[in-house]
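Each structure below is given as structure tokens.
Look at the two complexes coming up: chain A is in both, with chain B in one and chain C in the other.
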Partner chain A sequence: MRGRPLLYTRYEADQAILNTVTKKVMVLIFLSALLLIPFQVLPGLDFLGENDWLRLLSTVAIFIIGALGLNILLGLAGQVSLGHAFFMGVGAYVAAVLGSDPEGLRLGFGLPMWIWLPAAGVVAAGIGVAFGPAAVRVRGLYLAFVTLGLVFVGDYVFRNLISVTGGAEVGRTFPPLEFRLWKEDTPLIDFASDGAWFGIELTSEAKTFYFVLAVAILFMLLAKNLQRTRVGRAFQAIRDRDIAAEIMGVDEVSFKLRAFGISSFYAGVSGALLASFVGTVIPARWDLFLSIQFIAIVLIGGAGTVAGVVLGTAFVTLLPRLVQDATLWMEDVVETGDNLLATLLDLVVATESTDFGLINTLPGVGPGLSVFQLNQVIYGLLIILFLIFEPLGLFGIWIRIRNYWKGWPFTY
Partner chain B sequence: MTSLAERSDAPPTGVGIRTAAVMVREWAERLPDGVAMREKDYGIWQEYTWTDVWELVQDAAHGLLALEVEVGDRVSIHSEDRPEWIILDMATIAVRAITTGLYPTNPSTEVEYLMADSGSVVHLAEDQEQADKVMEVIESLPHLRTIIHIEPRGFRKWRDDPRFLLWDDFLEMGREHRAANPGQLERVMSDAALDDAITLVYTSGTTGPPKGAMLTNTNFLFCVENLVGIEGRIPGKPPNPADSILTYLPLCHIAERIFSAWHMAGFGCTLNFAESIETVEQNLREVQPTLFFAVPRILERIHAGIIIKGKDGTWFKRVWFGFGMKLVSIIGAQRVANDGDHTFLSRLLYLIGYPIVFRALKERIGMRRVRYAAVGAAPIAPELIQYFLGMGVPLFELYGMTENSAVATCNFPGSNKVGTVGAPYPGIGLRIDQETGEIQTKHPAVFKGYWNKPEKTAEAFTEDGWLRTGDVGEWVDGTHVKIVDRMKDIIITSGGKNISPSEIENSLKTSPYIKEAMVIGDGRKYLTAVIGIELDVVGDWATRKEIPYTTYRDLSEKPEVIELVQGVVNETNKKFARVENIRKFRMIPKALDHEDGELTATQKLKRQAMTELLREIIEDMYGS
Partner chain C sequence: MAVVSGRLLKRRAKRSGSTDYDHLLDVKDVHLAFKGVKAIDGVSFHVDDGELFAIIGPNGSGKTSLFNSINQVYKPQKGDILWKGDSLSGLKPNKTAELGIARTFQNIALYPHMTVVENLLTGRHVRMEAGWLAGSIWWGKAKAEEIENRGIVEDIIDFLEIEQWRKYPVGLLPYGIQKRVELGRALAMDPELLLLDEPVAGMNLEETEDMARFILDIQDELGIAIILVEHDMGLVMDIADRILVVDFGKPIATGLPAEVQRNPNVIKAYLGEELETA
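Moving on to the complex of A and B:
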């Protein structure tokens, strides 16, 4: 009710995603800010409109889709899965086979995106459900092992199925992001090249950003809606206590299978978009590290919440960039400066092959961690720290801040 | 008494007076889709529009006709507050029968007395618990023909008993009767007379058995038109359909009946039924009513809740909260000194305090949208009113009793004198007897008499026809009335000094630690008191001080707790003259309860019962 936020007279209002005016306004502001990013008009954030940042933000949007999938499985239904990267790989190669040029080097049927993108999700979901019967029999650590197996099976298959994947060393190209009605020559909408939309000149990066943003928002709404349905509640019941859920009439096997299916669908779509966005991908892209990255996203962001997934993805995806920038800055100081700061930083970074340093900017030479390895270490540390100190993740921190003010002037 | 069957053939008289039921019909015509009632069920506030309510009232009224309820028959209702209560009440008024409400806490002995005394023919028992109470004493209720129950659960053991009728079946029966006898209800309604009794409201019975005060259509109309509806009684417009009310006190009590049922019928206010008395705070927060009526006990509870939660805050919040409470006391004092209105200083401080504490605080206690709050039905400590005024809740004390349909005095905006019960309503007769100091009233809302108790009725009036309220009062500034005490409660010490115990008791009860207090001293050399603690608050305090305790009694008798209460007693003693000081006190060893006969249904202390119960403890205080 207007002016009485707690007086719910209909279930629709009680269950609304944006149930307060404040939330509506905040979402509106956030969305308009996102739409304005490519125009570089936001004070202080105009750098986000630069092409390399736009590419990074598009990656974030694509990763959000994948992370939402894992969140449904891990955050909602409570099933640990290390096999997420495998399903993304399946999606990517389904897209490649269906969407690639038939005259190309590798297998391809040249079908339009409106076929290959959903198909990527559907095939991945199918494999997820097919794999389900093995997975629903085990829990916790054992489930982690079973799904870990998937990644290695996938790795082997991807390396050897050269006609589809291009083989371990070379990889293959993926269909570009463009929208055709059928196999006509000029695409109806082309996201992968510069051009004007409605009279506004846009770079290919900006167009791609808008496209993946729209898809990500669609999948966020679907995920949010899932939480409010019987299926979503059944998932949460299984997460909290599977035996209790069964006693309440939740068919455990059926709902676990659905969780695997839905999660794999998200992964497939995300994988297809990622591969298409990057262009050329080798099979090693879909390895264990990618799975761990997604687990990090869900756990750092806050398991079980869509907002947490968004926060977590932004954090995890932008972290390498920050680490890289920081390393470059440190190198710069060490090489040009001759003060105390430079001396201290010299202990951290190694700039020459004989140099000692925790971070080695010359990969493969000398001791120390590469930037990539450092990222892995940081993910690992963050997962441990969040699990111990803030199990609800970044979103949990926000909830705490919000509750602090909600309770004002009391504590509860 | 004419039977309805005979009269239903007669043409409608067409004269018709505006009874409460007629008013409901008018609202259904004027605001068919307006919300009349909300009830929280299955997690959301289910709404009843005026059309829904009027349809249900007609069905229920026809149901009563089908059950052969005749003019002047009694229909008793034993239920928590819920829409069915109001619907059956209005239906009863529509068929010119008389509603009697029973408190949900009434034990079966009291149910027996009340139902035998009123001789009700149709009884609404909410659920199995209330039905059990009737069935225990059914032998002594020969008039009772039908027991309607709302909840179907637990009635299987009586499934062959023809007296039982499910509410839904009752309505269905009404619908059939309505289809078969169209227009009958309209004819019955238009026959209503001003002198028809519409309800029996039983007095709480602090002395002797309860008496059923008969209130009539005249009483209702006068109360609605000359008390509730007059301009300037509440800040802003008189009550109207935009107003929201939380219904949470027992509807069988005159205060809630006027504040809920009569506000709804008379002014179209929306009623929101609280889930139960325990959830009042939560429901208040959800509903955020615009009009709020409370008994002192509720305000004491809210106040204690604020203080405890405030102390529980983190350091930063405690500091802000403390600052806010400081502002409350300054603003409150300013407003009390200025007849309840803001002064320049208090307005300024309020502007400072509003964004940082008051807005959130009022939201939390559900009073952010309250434009008028009233307190009455029992004496209240002025400090408490000052507190709520200080945080910006426009709180006014008023005074009235069952026998005059609560039409006596109230504090008006602009002349809110804290510590008085306000000025008489314009145009009513109210006087204070020169000799005894008793307040007496005379106006059209004064009741018709006690049901079947002519001698008691006679006692209630003076020789010249004024209603004796039994309350001793005095004039303040020639316009406002201050209640000294109930006449029979005044203590005369052996030194011959007249002392009003309730003033001292209320001062004690201002402390959040104290729930009950009874001052003793009639015919004694000095005053003593028995005091009962507020278990939640003192329990919380003890936990904080790391004092282990097990039961209420154990906690009461802890030396630390006695010391705590001694502190409160000392504070109170400072405010009163020497003869009014409490020399000794003892703790009440149990939590008082209605079902054990220590409290009335309205949570008032039964002095006589308490004196009997605690005889030894009291004598001990006066022992050598």
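Moving on to the complex of A and C:
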């Protein structure tokens, strides 16, 4: 049996999530590396342990949860939704109302996280299912428009429901990430401030990172299990052949509703975590651009797979940081250098208000794109490029690389 | 010789419960028109348990529309279709699957991005129960159900001799193999009636013979009733118990292969056409 790693003697082994030794080892190494990040001991990657990078990685973990949700709807069930940001907003405000200090400026009941976090998902899912009947009967472009409407309705409601959201200009604060049994004064576990765990001193950034990482891994397992069981297969059947799927016994409407509900649940949890993590958020956070970011994640990552979602989220979430760092570096070269590179880069970045540059980070208006606008352009281009040239996304690219190395040199 | 495992046969025995009905399927004077085009024009026939019933007729004579009417995808304007004595009308298509009607399609309608195993497991959908939550947490019962059904699917893979393609996305498989996988997906539903829409269209002689063998095995060993829609007269005459001939939506003749073959209307409408094109 040794020489035949693909021979399984029990279906259970064949059906396991990590069904090869390679997968097990890779996941183990990856997990250990993640756990070691805050200690800055990984050669070459020690910078990831710095506080701003830890915060960025925590954002990635939180976004993964939301992206897993959209992946269930878009990647598995094949239903496009531009309303994902709306459901994240719903989750965030449910968390805010249930979890915030009752003495605070805005509505709050001071309930612990083990209540407000699941509730954020459940309420978002409820609204998703309630909205579903409007969505399950339309397809493609029409569905995009219907769900787009959600973002605008949400925008209006969030702006005007000031007692809950704090209104358009100031927003509101959200409950911190801490674990209480009930309403006791000192939380049992406090992720939002520095302290020691098991005798090891950790910053709040490190603790938060560990917490959101754990939640993200939990949701990855849930999503993977869903995908490989009856309901997940029904979603994929609807995506691939809706009428045939019905004739073969899948109740299309009811399963599309489930997909909307489950996807909204993930969005709600992700939104609640994001708002709690950031601390203060204005209603405009839950705008169309956030929805589009999630669509970019699913499409760039490779619609349908959990691994693709992780790759896509890391890519899309870290891209702004890379663009920003690259811009700073280019500005630096232009200002200090006097060589050919500096001259070329001077065309790319604007360093003075009179200077032309494709990227313009100077305050005030001028020609050129801000870093934020540049990000939007890059997302748009990537979505188009991936849709046309690599429908399997980053995941597909990875599979191709893997298969290349598998066959070299004749490792069969 | 195909191996039919004990498990498939056991499920067959479990199915044969009450037989308190005249016919398994009873199609009564069905009329269906699309914007004035009469696709089905007063067709009646019935199929009994375990019977291999064939429908033949030239292109556009309403055969696929009949299947779609049985599956409740199309709603006939007149007539009724009874399943074990009860009308199917008003049901959603997925209910017909639950009742035990499975189907393969004229143009393959597998789920191309899913593997062979996943396609067959999706066929098991109506015979499985796990909901989204039980599935998501890989809960004991959901897990046991997955593993049990993986075994059932493996029996079907065995039966259809498609072991080597198990893990391939079906979109990448050759046409003939896809046709087999589609038959497997239908079998996975534990049907009592199998609707086969041109199962050997576009196949070479060897593939056709394989498919004929599978169809006969399904009838003989699994006891599943079959409605076979086919152009290939030779095949139909060889294996069908009874035959219905349709032309422009109208029934021309029903009967044993030998009777149908001698029927002057059939010779004129169907065989005549073949002589012309020959």
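Keep this in mind: the second predicted complex is superposed on the first by the 399 of 412 C-alpha atoms of A that agree within 3 Å, B and C clash if a C-alpha of one lies under 4 Å from a C-alpha of the other, contacts with A are read in each partner's own complex, and residues count from 1 in each chain.
Criterion: a contact is a pair of C-beta atoms (placed from the backbone, for glycine too) under 8 Å apart; a residue touches a chain by one contact, two chains touch by 3 or more.
As the structure is a computational prediction, the values presented were derived from the model and not from experiment.
**Student:** Taking the superposition as given, does A:Gly249 touch the first partner, chain B, the second, chain C, both, or neither?
**Tutor:** second
**Student:** Under the stated touch criterion, which partner chain does A:Gln15 make contact with: chain B (first), chain C (second), both, or neither?
**Tutor:** Touch status of A:Gln15: second partner only.
**Student:** Which of the two, chain B or chain C, is in touch with more residues of chain A?
**Tutor:** Result: the larger residue contact count on chain A belongs to C.
**Student:** Could you pull out which residues of chain A sit against chain B in one structure and against chain C in the other?
**Tutor:** Shared contact residues on chain A: 11, 14.
**Student:** What part of chain C is in contact with chain A in the complex they form?
**Tutor:** 71, 73, 92-94, 96-98, 102-103, 105, 109-114, 118, 121-126, 128-132, 134-138, 142, 145-147, 150-151, 154, 185-186, 189
**Student:** For the complex, which residues does chain A have touching chain B?
**Tutor:** 3-4, 6-11, 14, 408-412
**Student:** In the complex formed with chain C, which residues of chain A make contact?
**Tutor:** Touching chain C: residues 11-12, 14-15, 222-223, 225-226, 228-234, 236-237, 239-241, 243-252, 258, 262, 304 of chain A.
**Student:** Applying the document's contact rule, which stretches of chain B touch chain A when the two form their complex?
**Tutor:** Residues 38, 43-47, 285-288, 309-310, 312-314, 317, 320-321, 324, 357, 360-361, 364, 369.
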